[in-house]
Amino acid sequence: MGSAPDASDIVAVIERVKESGCDDVRVSRGKSRTIIGLLGDVSQLDPVELRGMAGVVNVVSVFAPYKLVSRDNHPERSTVWVGGVPIGPGTVTLIAGPCAVETPQQTLEAAQMARAAGATLLRGGAYKPRTSPYAFQGLGEAGLRILADVREQTGLPIVTEVVDPDDVKLVASYADMLQVGTRNAQNFALLEAVGEIGKPVMLKRGMSATIEEWLMAAEYIAQRGNLDIVLCERGIRTFETATRNTLDVSAVPIAQRLSHLPVIIDPSHSGGHRDLVLPLTRAAIAVGADGVIIDIHPDPEQALCDGPQALTGSDIGDLARVMTLMPAVTGRHRTPSAMPSDESIQASLRRTLEGARA
Amino acid sequence: MGSAPDASDIVAVIERVKESGCDDVRVSRGKSRTIIGLLGDVSQLDPVELRGMAGVVNVVSVFAPYKLVSRDNHPERSTVWVGGVPIGPGTVTLIAGPCAVETPQQTLEAAQMARAAGATLLRGGAYKPRTSPYAFQGLGEAGLRILADVREQTGLPIVTEVVDPDDVKLVASYADMLQVGTRNAQNFALLEAVGEIGKPVMLKRGMSATIEEWLMAAEYIAQRGNLDIVLCERGIRTFETATRNTLDVSAVPIAQRLSHLPVIIDPSHSGGHRDLVLPLTRAAIAVGADGVIIDIHPDPEQALCDGPQALTGSDIGDLARVMTLMPAVTGRHRTPSAMPSDESIQASLRRTLEGARA
Amino acid sequence: MGSAPDASDIVAVIERVKESGCDDVRVSRGKSRTIIGLLGDVSQLDPVELRGMAGVVNVVSVFAPYKLVSRDNHPERSTVWVGGVPIGPGTVTLIAGPCAVETPQQTLEAAQMARAAGATLLRGGAYKPRTSPYAFQGLGEAGLRILADVREQTGLPIVTEVVDPDDVKLVASYADMLQVGTRNAQNFALLEAVGEIGKPVMLKRGMSATIEEWLMAAEYIAQRGNLDIVLCERGIRTFETATRNTLDVSAVPIAQRLSHLPVIIDPSHSGGHRDLVLPLTRAAIAVGADGVIIDIHPDPEQALCDGPQALTGSDIGDLARVMTLMPAVTGRHRTPSAMPSDESIQASLRRTLEGARA
Amino acid sequence: MGSAPDASDIVAVIERVKESGCDDVRVSRGKSRTIIGLLGDVSQLDPVELRGMAGVVNVVSVFAPYKLVSRDNHPERSTVWVGGVPIGPGTVTLIAGPCAVETPQQTLEAAQMARAAGATLLRGGAYKPRTSPYAFQGLGEAGLRILADVREQTGLPIVTEVVDPDDVKLVASYADMLQVGTRNAQNFALLEAVGEIGKPVMLKRGMSATIEEWLMAAEYIAQRGNLDIVLCERGIRTFETATRNTLDVSAVPIAQRLSHLPVIIDPSHSGGHRDLVLPLTRAAIAVGADGVIIDIHPDPEQALCDGPQALTGSDIGDLARVMTLMPAVTGRHRTPSAMPSDESIQASLRRTLEGARA
């Protein structure tokens, strides 16, 4: 450092790069500096690895290290279908329900409220990852059964979290979409397991994940053969303590530009306070999110998990108005309820949707 | 720590608190812990100060340390008038113009574009704080003269930055509103100087300022007798590198709840990229911001400062559409042009505005 | 907000708190504010839950939410024994070895270098969590077998990472200490699994975990009956990009004050560059860490993982000097090699160690 | 984005770069990507500027944008002399004293304690930048006079903060070294003013400044002709709330590698708690800092500013021991008191020092 690399350093770097399978290497020698440009496949090359080689001052990554989820190789944005409900371009999908499934009654009421607000998918947690081992951890399979019953009664397909690779099969046998939470965003064993099970996955952004790391996590799922992935921005950790997390709305247009996957926003967990949910929902739709996922509870003060951020009866009308009004301002419409299962009707509806956004 | 405070520690803390002028102190002794609640005036007491006293485990601030800008003492949200243009509840104000004033021609063209997009105030920098001493630092007073000429030609009142307390008087003699930038958000000498000059001030949030620190900075201005302050969220520093800064849209409803001052958003400096400006502008208005401030340049590729984030001719129609459409979705309307100087007409327009938002 | 809570709000909060099992509640009513102090057991109460109740302005946590790992209930600092090697007060333990096990030869050479530097425990990864699915993921059980062979040859007990709850039993059958990595710091299924297996655990701090969250993660392990936990600070995520992570040396004295568990530092993964390892090792010991864990590789330029941060042959002498010199400046000594298995001799050595630090 | 740049885009970028004065541009065209390497002088080119041009996916800065403070052009590390006291390689300098000058008696006592601990420079604030306008702001010139008197009595040269460009001349007429605080780290008017006054400057790192931005701030001072700059790391803002700031010890070896300027650490303001000062001081010296600056107060519980982090009488012996013991472990010694003013004796002492570190 501080001195120019000598020729042998440069040769060593080039060799190392070529060994990794990158076959297009360009060297530009300046008076005191040399730039080695890697234009071939660098997927086998960890930039951190190169940094320790003699003479290397810096290694910078210009192109994306992910492939399957990259928009470069798949310019058209994707739609993910969950139990007949589309999430993707042209529509704005509302997913709503209780943070945690507590009782059949509470779940059914929350689902009915969700529906009244315009939701076409039901969220609800049976397995809850909690910071404290002393906090309510969810009902487990009993919770899944409640969700399945409520789906029967309301027609709303189910989105629910899975936290342990061993549970993936069980959860997938009940759920229409599996959720991977922020604390598991780099739990690679779990990512691989949901990649193999072949159900749609909602992947929350890690609490301190860069957009690139988030897409790499999606790549883990994709690499196991599952491209039905919806990305969910839910706030990142910053120095600000007035909110639970800082909602990063810019991540939506950026992730949509870098990846073909749909991107939604969770305004409940980011803000952490009921008063912020509607403003952040409006912002989410306005910035272009393909949907929102919102906590709803019939009696938030008795909720076993995250009550303070749950919308309740008196908010449903306002949420319904937001869901009716806001999609239009970005040239989209609220996602209709689950499509009929008849394949030919579905196909025709898809064509209509595609027409709408063309 | 780890052991209970003894009685003399508790007495010492109480004495210290009372010396500071806080006259309402409540002590709750538990088995192994004691809570000392301060319910009186704690403005002379720095929480950090108490933390070092014997027996003190933690000091937590429950109530706001600011007063003049607090909404507690001023429940109605304020409107700040800039050269006859209101910024505040009921309206959404567009401030637009070049990041830096370069030439009369460039500034006039940018102002005309701004106007076409619906702007009622012109932004433009004559003094530019730049990370590098080798970057363009602005035209200084020559730039102010250009701005004044363009105001004459277009009727748009001027918002411009001041970076040195010594320049405040000069800048205020040209400007309709003074801007304090993110790097000077805790430059207390500058805050006091703009507090004394009696012109409206736009106070950008510090790059790593909490919402509380931002409001404390506003309190510095207010304390010198100037309450015509508009808060401007412009993105905060986080670990994410895909954007220049992370726009914290949640800060808008929170600052509006904590303070009576108007709050606007700068979508240009937060995102740092032209493609993000319109989505972030939509999000800003949707979340409830009282206005937006946007970089516009007739020829961004030749801009001497922040060209990549400036909107240009081809974007003006889109911005105008956003400014027409979006305010309505939050029950507001775009701010009309500067009010006539006749006091009675102004008063009548104010009444109309107030009616609109009631 | 902005108005005083009325009596029914206060009653509702108190009831909620008492339902949770907290039986010591003190109310201090001021003119416009009321403080409700909770002095009883709040372990069943999530502070976030209270924030949404009517009239609640803020909820602040003064006391620690963890119990088993807290120093409050266990004032003497603990020593964790790993295959006869102590980690805890009075000594400074060096754990060293390759980031990833690649071949028997590479692992043995790295172990011999580690030993020469003063290490008494061998690190080495057989299961590697990698940001990219295309990067080397470790040898799995074949790697564990190599580690066991090298332990036989060098006498160094083994520390190795486990990433999947399903692998815990297998990994524990080879390892002397299980490592939970930064990406799994809130993988609760994994924490519970290592808590049940009854082997010592090294718990790395999450990339963006507060010290409190880190201790809560340890509490998950402890709650399953395993208190043989060593905390490892390895750098946190910040805005600074010059280092891979920002090493938080202050976390060591703070965690040692809040918890009785030993705390060590990983200077390799925090800095991410070989040149930083020795300065950060000196800082780690000087600040009071109970040990350090360091990457060593016989040929870093060929390493399959994190080569740039690995020390190599030419650095061993310097590391050995640091390990000889630095512990003394904080009144400690380098940890001796594994204790003989004879219980009575071990007990006598423990007494000697305890004498040394008294 | 997502499509290859066409030839005219590439030409436009090259033209723009050349206009800025960078005369060495190398183009490497790949199948779908093109790398444009800039090997000439890029000091007039803001990387952000290029990012908005058509076809540009990313702009990355490989080389440092600062020159005068860069170690590239000045491989030998510099020593800055303050009233005859050296700060730089080979020595470890202790600067100590009260956070704020309150009374002659308090300042003299703090100075005597500082001296007893081994300090060779006296710190003390007459102008205090405080987050709250209601907090004690310092005694101003009266404080400077007290400092000058105490210098007379103790022989300790003075380091004191300046916060307003207008005060620089006055403060420099009393002080031996001017301090620029963290809140003013990008107050360019102030940086230029201290650059012109020709007194040594201690430049604290901005609360959220990258190491590069910190060096750019130093470049502002250097560019006005003043290279007597000492960099001071004082903790950065992160999500962690257990400390006032997160002390970034890694910044010391990195800044020393990138710049020839001396780098010291402030363990008082980073930790924010007395208990952390000694551990962080040991870490600071161990990591290689050229000095430390520490708050000392004869009666911290009565301090008007930052009492909880001030060392006091009972800590002086411990600090003295640290200052005696720790420099040796990194092959240095504690800085001796101010050099005699006789030039020839000074020169001889300098030679001795240089011998010591060779």
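A, B, C and D label the chains in the order they appear, each numbered from 1.
As a convention for this text, a contact is a pair of C-beta atoms (placed from the backbone, for glycine too) under 8 Å apart; a residue touches a chain by one contact, two chains touch by 3 or more.
These numbers come from a predicted model, not from an experiment.
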> If you tally contacting C-beta pairs, which pair wins, B-C or A-B?
Replying inline: A-B
> Measuring centre to centre with C-alpha atoms, which chain is farthest from subunit A?
Replying inline: D
> Roughly how far is subunit B from subunit D, going centre to centre by Cα mean, in whole Å?
Replying inline: 29
> When the centre of a chain is set as the mean of its C-alpha atoms, what distance in Å lies between subunit B and subunit C?
Replying inline: 42
> Roughly how far is subunit A from subunit B, going centre to centre by Cα mean, in whole Å?
Replying inline: 32
> When you check subunit D against every other chain, which residues touch at least two of them?
Replying inline: 208, 237-239, 241, 257
> Along subunit B, where are the residues that touch subunit A in the complex?
Replying inline: 208, 210-212, 236, 238-243, 246-254, 257, 270-271, 275-276, 279-280, 282-288, 325-326, 329-330
> Inside the complex, what are the residues of subunit B that reach subunit D?
Replying inline: 12, 16, 43-44, 46, 48-53, 65-66, 129-135, 163-166, 183-184, 186-190, 207-208, 213, 216, 219-220, 223, 237, 244, 272-274, 300-301, 303, 305-310
> Considering the complex alone, what residue numbers of subunit C touch subunit B?
Replying inline: 1-2, 24, 26, 28, 30-31, 33, 35, 37, 39-40, 57-58, 60, 62-63, 71-72, 75, 237-239, 241, 257
